[in-house]
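These notes open a run of structures that come right after.
One chain, chain A, links the two complexes that follow: it is found with chain B in the first and with chain C in the second.
Right after this comes the complex of A and B.
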């Protein structure tokens, strides 16, 4: 009984962690600048590859994961300055430019690195509850997802950068007039978003086979979570991830993975018909 | 009706433009007379994709709806054609029913998906990522249908390797029908393209087209002027997606197979690159640019597909950053301005028309 209950929670936690980790970076960039980063999956892939490469170079896994996150963060900052900044006033065009980038990176990796890369075994082994054995690493992922939400809360509500960022989000012109360096805020936000994507990749690196197109296995989930969530990570992405994880876990358990994926998408299309601004809009309206 | 062929929404007018267009058409018609049959088949293959590009040009360029889902409807129609053709025993009956079924399937799917997105007020970037999510999910779903339980009637979906066993499109006729292949395929596609191109041109310059452009420029203003924006957007989404479906049917008929990889990435990025590179606001630019890109892409693919795709991605980035209106359209504008100036000089009063 305990085992079954825990199994249900475990499945939910697994899906929830995947949705939050894969969507947080995308949601931050979207909430901040109205830009959807189509190369999001490639930042995830960058996190995965850097983690694996540093791990094979002899670093312990947590340190390798930190490397993966840091590299994605830095690349994000540079990219913002070079490619995204000229397109601030044209959100659809920034969508296209990151889309082109995604194609260049995926196919470029295929050319330069080849179609496979040595993976990392899943660490930490398993533990037993009742009659079932569970992977301990999946619980680490769940904790990391909660940690990411905590980090975003702290960063945006408890730091000087957070105040400036929220000011820019509400009214860029006014914030700039009051001495906020808008470009630096945008660059840092894009970096944080890219870094979180890299962090997602770093965390999932030990659980997947490494191929250059692996980014696309993250983007559908991250897109739908952001679409349902809306522009805020805490008021949007988090509740959206809970709702979608419940739907997905239920469908997975009763009908299998493929119906789970399709059902998730159908649910999303139904939800957007009712909540155009996602959970963010709905919750802000209710609390305002 | 015919005077709608020229208008504010389409580039090129007057005897110079139509004369040049006629010459290109004549050259295309004469091409099989002195070309290698292999090359003729190849060119026919390029024409297959142009319907899909024109559909995207209509939705995105004229009405401002950036859909990443062209290959979704392409795939639905392709698989629909295959399933119906195989289950009805191929031949003229099966393939013609397959053609109809493919188009209806694409249109119906576009109507349902479009209803939820457009009436749910999903627009801008979200429109793009919802359509892309649906597309990737379809590719993923079809990719795992390898087992024998995934069959519709006699038609095995066959997972990642794709479905095969359907005949090419066959018109009713003597001796079991006239099979659409090689040179005939080429000519029928030219005919289809010319018809679709001219009809879309008339549509773009009609009252309907003007409303589409008004929606693109400012949807709220168009709504305040009394147009039901959502109905126009839905109509154009269905039309553009059905054209993608037509490409899907033709592609399946041409190669007698269809695979999930023609739906997923990187296939899904191609229509967007063609149309962005060409100049999304103009049908003629899209037609010409798509053909040129397909030609260039195929010549590069022979050496390395990955490198060709890297170049396509870089081309998209360069277009957006440096020539946001599109390369072909930019060149077309330049030509128009040069010829205009020469003609305009004697009567400067006409300059106000611009």
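Right after this comes the complex of A and C.
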């Protein structure tokens, strides 16, 4: 009995962690900044590859994961300044540019690193509850997902940078007039989004097969979660991840992975139909 | 003339002297159209196929070509996209007018290409192991089929590990058909299928599947997953502490997971293979040495890459016996059922009724240190199934794919 209850929670936690971690970076870049970042999967892949390379170079895994996150953060900052910044008023062009970037990065990785990369191996082993054994690392992923939500809450609601960032997103001209350095805020926000994507990759690096196109396995879930969530990470992405994880876990358990995936997408269509601004719009209206 | 030119000159002269006198440039080059993915999701297994074909073309050209004509290789990269497979097939057949079309990785890509080949009445060689059953006079299949890979492996698994089987399969034609094959082979052995799951391509998270397996308590797993995303299953299963023997027709010799994953992840995976790089016959070792000299960075010489090499060698035998590159003449050359090549695995012979090849099959396993062990040598296995159910290309050309659930009408 306990085993089955825990198994249910574990399945939910696993899907929830995947949705939150893969969507958090995109929620900031796409949800808050309004840039449709088609290269999101490649930031994830960057986190994976840097983590794996640092690990194979001899760093302990947590440090290697920090490297993966940091590199994605820095690359995000640079890209924002060089490529994204001129395109804030041209959302369709930024879509095209980031899509082009993703193609260049995928092919570049294929050419430079090769079509495969040696894996790491999942740390921490397994544990047993009732009839089932589970991977302990999956619980770390769940904790990390909660941690990411906490980090985003703290960064955007409890720091000076957060206030400036929200001001810039709402009204860049006014914020600048009040002395906020707009470009720095944009660069940092984009960097944080890219860094969170890299963090997602760093966390999943030990659990997956590494190939240059692996970023695409995060793309559907991340966009779906952000679209259902709306523009806010805390009022949008988090509740969206809970709702979608419940739907997917239930369907996976009772009808298998195919129905789980179909059900997830049908649920998304229905939710967007009923809540055009996602969970953010709905929750904001109720609390306002 | 400097020293380098002199050296090259002498080398060329001695090479020319060593060549058989087949006449110089007895005609325009023979064009070989090749469709292999070297980018996209399947790049890792597609690249050895390109290398195998290139190596074979170079080797054939170095010994005078075919019928005194050089081979010219035209390779296009469809990037795993079936629409591109069709577009490039038309381009190679209609614009480049290739003499033979080779390639394709997934069964979906093969089925996308085959109708176009049929309409053009061209000659197409498919070099992968696959779920079998294609009865099409325009196609020669070089890879192993279920009677070679599954009729050998699965009964052995049942005897060794038990009768409770759990199937995890990719949700497209290869997965469904191979799963049906598993049932038709194992049901008569009294096997109980305690679970069967079809996974959409591209899915990379398997916590639910792993839990379902634990609940069903199988003796072993029949694995038909496809692609890098799905192969994350093994790492995740291992991390969750599930240790079960596994059997698959597409792991190890094809996907070389034992070269990519940390030690222990693929432990107790069993497969039946006509080729794997660790094969230790003198012929196989010489083949590997030639390959590694040419492509030192190859992660693994997989069975598809090796089959791609075999395909060119078979084509050479066919064209030279037929003294032509026309489809009807080539088929005439294989009609008596003796044509074949002495390949590194052993002798490979074309069965004219089904246009599939015999193979020397060996059962291999992976240990906890990612080392390969040969468990059993099955000897030469004929591709008998199509002939048994009534496919005879010497009499008719249905251009169909038959399965255990879709047999030809007698």
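Assume the second predicted complex is superposed on the first by the 287 of 288 C-alpha atoms of A that agree within 3 Å, B and C clash if a C-alpha of one lies under 4 Å from a C-alpha of the other, contacts with A are read in each partner's own complex, and residues count from 1 in each chain.
One rule holds for everything that comes next: contacts are C-beta pairs under 8 Å (C-beta built on N, C-alpha and C of every residue); 3 or more make two chains touch, one makes a residue touch a chain.
Here the structure is a predicted model, which means the values were calculated and not measured.
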Are chain B and chain C a fit on chain A, or do they clash, once the structures share the same frame?
clash
Looking at the overlay, does A:121 come into contact with chain B only (first), chain C only (second), both, or neither?
second
Could you look at A:138 and tell me whether it touches chain B, chain C, both or neither (first, second, both, neither)?
second
So in the superposed three-chain picture, is A:252 touching just chain B, just chain C, both, or none of them (first/second/both/neither)?
second
If we overlay the two complexes on their shared chain A, which of chain B and chain C does A:213 touch? Say first, second, both or neither.
both
Is A:6 contacted by the first partner chain B, the second partner chain C, both or neither?
neither
Touched partner set for A:261, first chain B, second chain C, both or neither:
both
Once the shared chain is lined up, is A:110 touching chain B (first), chain C (second), both, or neither of them?
both
With the two structures fitted on A, what stretch of chain B runs into chain C, 186-194, 258-266 or 276-284?
258-266
Intersection of chain A residues contacting chain B with those contacting chain C?
107, 110, 213, 216, 258, 261
Touching residues on chain C, where the partner in the complex is chain A:
38-41, 43-44, 47, 171, 197-200, 202-205, 207-209, 211, 214-215, 228-229, 231-232, 235-236, 238-242, 257, 259-262, 264-265, 297, 299
Touching chain C in the complex: which residues of chain A?
7, 10-11, 14-15, 18, 107, 110, 114-122, 124-128, 131-135, 137-138, 206-214, 216-217, 249, 252-253, 256-258, 260-261
Using the touch rule from the top, collect the residues of chain A that touch chain B in their complex.
30, 34-36, 38, 83, 86-87, 90-93, 95-97, 99-104, 106-108, 110-111, 213, 216, 219-220, 223-224, 226-227, 258, 261-262, 265, 268-270, 272-274, 276
Contact footprint of chain A on chain B as seen in their complex:
66, 113, 116-117, 119-122, 124-126, 128-130, 132-134, 136-137, 140-141, 144, 264-266, 269, 272-273, 276, 304, 306-307, 309-310, 312-317, 320-321, 324
